[in-house]
Every structure is written in C-alpha cells, then in structure tokens.
Amino acid sequence: MTLTVFYLLSALSVFSGLMVVLSRKAVHSVLYLVFCFFTIAGHYLMLNAQFLAAVHVIVYAGAIMVLFLFVIMMLNLNLAAEAQKTPWIKISAVILSGLMLLVLVASVKGAEELSAAQPQNDIGLVKNIGNILFDKYLLPFELISLLLLSAMVGAVLMGRKEPQPQNE
Amino acid sequence: MDTTEFLIKLILVISVFGISLLIAMYSTYAERKVAAFLQDRLGPNRAGPFGILQPVADGVKMFMKEEIIPANADKFLFIAGPSLMMLTACMTGVVIPWGGELTIGRNTFNLQITDVNIGLLYIFGVVSIGVYGIMIGAWASNNKYSLMGGLRASSQMISYELAMGISIIALVMTTGTLSTKEIVEQQSSWHWNILYQPLGFLIFLVCAFAETNRTPFDLPECETELIGGFHTEYSSMKLGFYLFAEYINMFISSAILATLYFGGYNFPFIESWGLSPNAVTIIGTLLFFGKIFFFIFFFMWVRWTIPRFRYDQLMNLGWKVMIPLALFNLFITGIITLWRNGAF
Amino acid sequence: MYSTPYDYLPMAIMAAVAFGFVAVTMAATHLLGPKRKSEVKLDTFECGIESQQNARFPFSIKYFLIAILFVLFDVEVIFMYPWAVNFKEGGLEGFIEMLVFIGILLAGYLYIIKKGALKWE
C-alpha cells in the first residue's frame, strides 16, 4: 500500500515537473509547479514530516508561487513580444542545467542514509520541531529574522524606485 | 487502513461534501430572503412554496445557459479557474469536527472525517491556496476588468491571511495544539475560546470576511467599478462555480469560527441533563449547525448593512490595523498566560 | 494525540470526490447549453465599445510589493506555529526568544510603513 502510494506520487511529481519545463505558457508552468509542490508535500507526509508538509504547501504553493504568478502576469505580456532565444542562450541553458543535475545526482549518491520511511519516527511533528528549534537551533532561528529584515528593506527599495505613473 | 474503514471514510466524505453543497445552495436562497427582509421586500416566492425551490431553478438555469469562452481567453486556464475555486472551497471540511462519537451496535463512529496533528495548519494551507482560483480565472479571461478584479482579490486575500495567521497563533498559545478535535474538546461546557480570545476572534472574523470576499470586502467584484470583477467573462456553470464557491467558503468559515471560538459541538450544562452519549452527540451536532447558521446569517446581515470599503482603506485596514492588532493580541495573550502559569 | 500518514488519506478522497463532481458538472454544462457563437459574442467584454487591445498590460508595482512582503511575513508566521504549540512549556524564556524575533521583524515593518511602501494613492 505504502509503496503503491509512493510510486503514484512520484510518477505525478515527475510528470508535473516535466510539464513545468515543457509547457509553452509560463502561467501553465506555474500551475504545474504548484501541483508538483503538492505531490512533494505528499511525500513529506509519507515520511511523517507533517509540519514540513504543511509549510511546503503554505509557503511554497501558497505564497511564493503567488509571487511568481504576479511576476509572470506582469512580464509575460504578449506572446508576440516574447524575446527570441538565440542558440547560444539555449546551449548555455543546457550546460547550466546539466551541471545542476550533476550536483544533485552527486549529492544523492553521497548520502548513504537514505533508508525507507519510518512512521515511528516522529521528529517531524510540530511539537518536536518546536522543541529542537527553540533549544538547539535558537541562534540560527534568530538570525533568520535578520535575513527576513534585509529582504524586506530590499523589497521596499526596489519597489520605490519605480517612477511610473500609477495604472489604477 | 482496511476496506471497511475506507468505506466509512468515503461515506463520511461524500456526506460532508453533499451537506456543504446543500447548505451553500440554500444559503443563496437565504441570502435573498435576508436581503429582502432587511429591505422590506418579499424576496423570491414564485418557485415552490415560499420560493423554496428557487436554488434548484437557479441551478437548472445555470446548466442550460450557453457556455461562452472568449476568443482571446486561455481555454485551459479559463476552465481551470472556477474548477480550482470549487475544489479548494470543498477541501477544508475534512478536518472540521462535526460532532462527537456515535455508537451503533458495537461500532463507534467518529463524526470527524480525519483528525490530524496539523489541523489548523491544514486549514491555513487551504486558505492560502484559495487565491489561485480567482487569479487564474481572472488572468485567463484576458479582460481588463477581470485582471483588475483578480489583482485586487489576490492582494486582499494575501494581506488578510497574515493577520488571520497571527490571530490563530494567539489561539494556539492557549490551547497548545493544532488539532481541531482537541481544540473543541478543550472548550467543553462553557469554556469557549471566545471568552479567552475576544480580540483574536474579532480579528479572525474580519479576516474571514476578507478571505471570502464578502461585503464590506467585496472590492474584487464591485460592479460599479469593475462590472463583475474577476468573473466578468464567465457564463453558465463556470460562473455558477464562482458564485457557489463563495457560499461554500462562507459555510466553511462559519464552521471554523464556531469550532475555534464558539465551542464547536459543545454546549453548556449538557452533561447534567443525563442523556445517553448518542443523544448528546446528536444534540451537539445540531447545536453546532445552529452556530454555523447563526454565523452565515451574520455574514448576510453585515452584507446588507455595511457599505463597501475603498481600496486604500481596505489595504490600510489589513496592513496597518489588523496586523499590529493581531501582534498586540499575541503579546497580551502571552503575558496573561505566563502570569496565570506563575512565570512572574 | 498521534496521527499517522494514513490519517491524511481522507484528504485525497475528498479531493477526488470534489474533482469528480467538478469534472462531471463542467462536462454537463458544456453539453446542455446552446451553442450559438458569433464573433462579437466571443469578443472581450468592454461595456459595449469595441475592445481595445487585450489585458496583457503591466500593472502597478504595488501589487508585486504586497506579494513580496506577504511571502516574508508568511515565513515569520509559519515559524511561530512550532513555538506557539510549545508556548506553555517554554515559559518566560521562550516568550522572550520569540519577542526578539518579532521585534526585529517589527523594525522591518515600521521601516515599510515609514517609507510609505504601503501607501495607495
């Protein structure tokens, strides 16, 4: 049963991941990516990492992809106006993503402890994550707030430089 | 999970789904009756006695209308928009505890479909996904009014989501759990969370209005400026889905409000009546629906009483009033809880 | 209370039921309604005048800014959940830890307000 669900979810993730790349329209890609995130959240659930699954849906699917959608709606204006891709861009894209793949494969190959799901392992429950986060990893946690702060300042500076008249 | 258990879950899922649809259907009828009452009119009264068949007539009409997909629209997304809206609207009902336990013969049935550790986070997740239905549909229409409506809707929803999240956190601080079932059980008898979290409830209520795009937060579809807002180009059942999803969302929001702050299926002094456990469960569920209907009525009451916000007022309320207020509530909750636990 | 991955299966069932309903309804409305299409009918609606271009135009950067700020604050809110669940065990110490976290982000929030990034005109 568990194995069947795993294969089903994996097939869906791979399929939606491929569709993200293969769709011609950027907005379709975003939707496929959201779906892909859901399947990955399903994988987290099967590993009993419940909090992580919820965070994955709320932050990635619910917040970051909304931002992506805004950006694409803003930039992807008319299909005719889309920039032509020169062969050089295509070749460099292939090389870059090939390198990325290499790194990913290498990191997976290096990890020896990739054992199967252990439902008895309940480190992924919210309460346990909180205990660890506010005990062992307190400093990184507080530093995150500084990271978020700098991102906020950056966003405000970027947004303010726009001298364009309002569209509304 | 064996087959019988699976079947029980399936039956529960289908009944919750069916009840959500039924209540949403009759909410459209109730809305028109409430509006008529508040405006000293009669409201729908032709289809069946007291117009009780009006929702059915509306549904049939929606089905029989021509389906128009504008030539400029993105076909796939144009259909995906309302479908997504409907899907996300239905998903929350899974974690709401509709009642206690029923014992039939030797079997005990739990009236909640599933109780998970992260129940509240699940609700929050579904809320955060709710933006897509509107945004995708609005963009796919390729219509300027739709786009403006969709943008307004999505920025409004994400803005109020923050205050909603912080108000839930204050609640979690007092309950110490994210499971909806445990939160309800902690509110047994009269220990309803509204007594401990009045400000949090107020914030959550306002945010619920904003998330469901109900008046006074219905700017995404304000007809005076934007025709129909994000669903300007929609017709037939696709329009029906958008309108219908709003009512399902209203029903689910009411259920969440009743669960989190008004004791769910609990009712004061029900233990002292000396009823059998099954009777207590059934009365509790009925009372729970009573609370839900009260909130649905409240949504309608507000809609026909309060005028719409201006867009800058809406954004200011979300970012400059609700978020600081929610943080203040969190602070106060923390201080009081610590004081009661004797930390000072 | 302890929930296993199996407790999440009903969510998939609900999604399947809702999806089935949506698909059947969409197919039904497609088949039932009349189909009398004309060029004008399929045109974009613009209050009766002939439609001018399409709706693929850039909009106010404010919406984009709201989305970025939402992502940042959403991450903050998410971090507060594991803390809130453990709040009573954490005691005063845990509360102060969280106040520091919120305090730093509150500074960012005040900066945003001061810079007028949320001002709609």
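The letters A, B and C name the chains in turn, as written, and every chain counts its residues from 1.
Note that in this section contacts are C-beta pairs under 8 Å (C-beta built on N, C-alpha and C of every residue); 3 or more make two chains touch, one makes a residue touch a chain.
Just so it is clear, the structure is predicted and the values come from calculations on it, not from any experiment.
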More Cb-Cb contact pairs, comparing A-B against B-C, go to B-C
Name the chain with the Cα centroid closest to the overall protein Cα centroid. C
If you average the CA atoms of subunit B and of subunit C, how far apart do the two points sit, in angstrom? 15
Report, in whole Å, the distance between the mean C-alpha point of subunit A and the mean C-alpha point of subunit B. 28
Give the residues of subunit A touching no fewer than two other chains, as numbers and ranges. 50-51, 55, 58, 62-63, 66, 70, 73, 126, 168
Residues in subunit C with touches to at least two other chains are numbered 2-3, 8, 54, 56-57, 59, 63, 67, 70, 74, 78, 81, 85-86, 102, 109, 121
At least two other chains touched by the same residue of subunit B: list those residues. 1, 116-117, 121-122, 128, 147-148, 154, 158, 178, 311
Which positions of subunit C touch subunit A when the two form their complex? 2-5, 8, 54, 56-65, 67-72, 74-76, 78-79, 81-83, 85-86, 90, 94, 97, 100-102, 104-105, 107-109, 111-112, 115-117, 121
Under the definition above, what is the set of subunit A residues touching subunit B in their complex? 1, 25, 27-28, 31, 34, 50-51, 53-55, 57-58, 61-63, 66, 69-70, 73, 125-126, 168
Please output the residues of subunit B touching subunit A within their complex, sorted ascending. 1, 74, 76-77, 80, 116-118, 121-122, 124-125, 127-129, 131-132, 135-136, 139-140, 147-148, 154, 158, 178, 311
For a test of understanding, state which residues of subunit C touch subunit B in their complex under the given definition. 1-3, 6-11, 13-15, 17-19, 21-23, 25-26, 28-30, 32-37, 39, 41-47, 54-57, 59, 63, 66-67, 70, 73-74, 77-78, 80-81, 84-88, 91-92, 95, 98-99, 102, 106, 109, 113, 118-121
Footprint of subunit C on subunit A - complex, ascending: 2, 45-46, 48, 50-51, 55, 58-59, 62-64, 66-67, 70-71, 73-74, 76-78, 117, 119, 122, 126-127, 129-131, 133-134, 138, 141-142, 144-146, 148-149, 151-153, 155-156, 159-160, 162, 164, 166-168
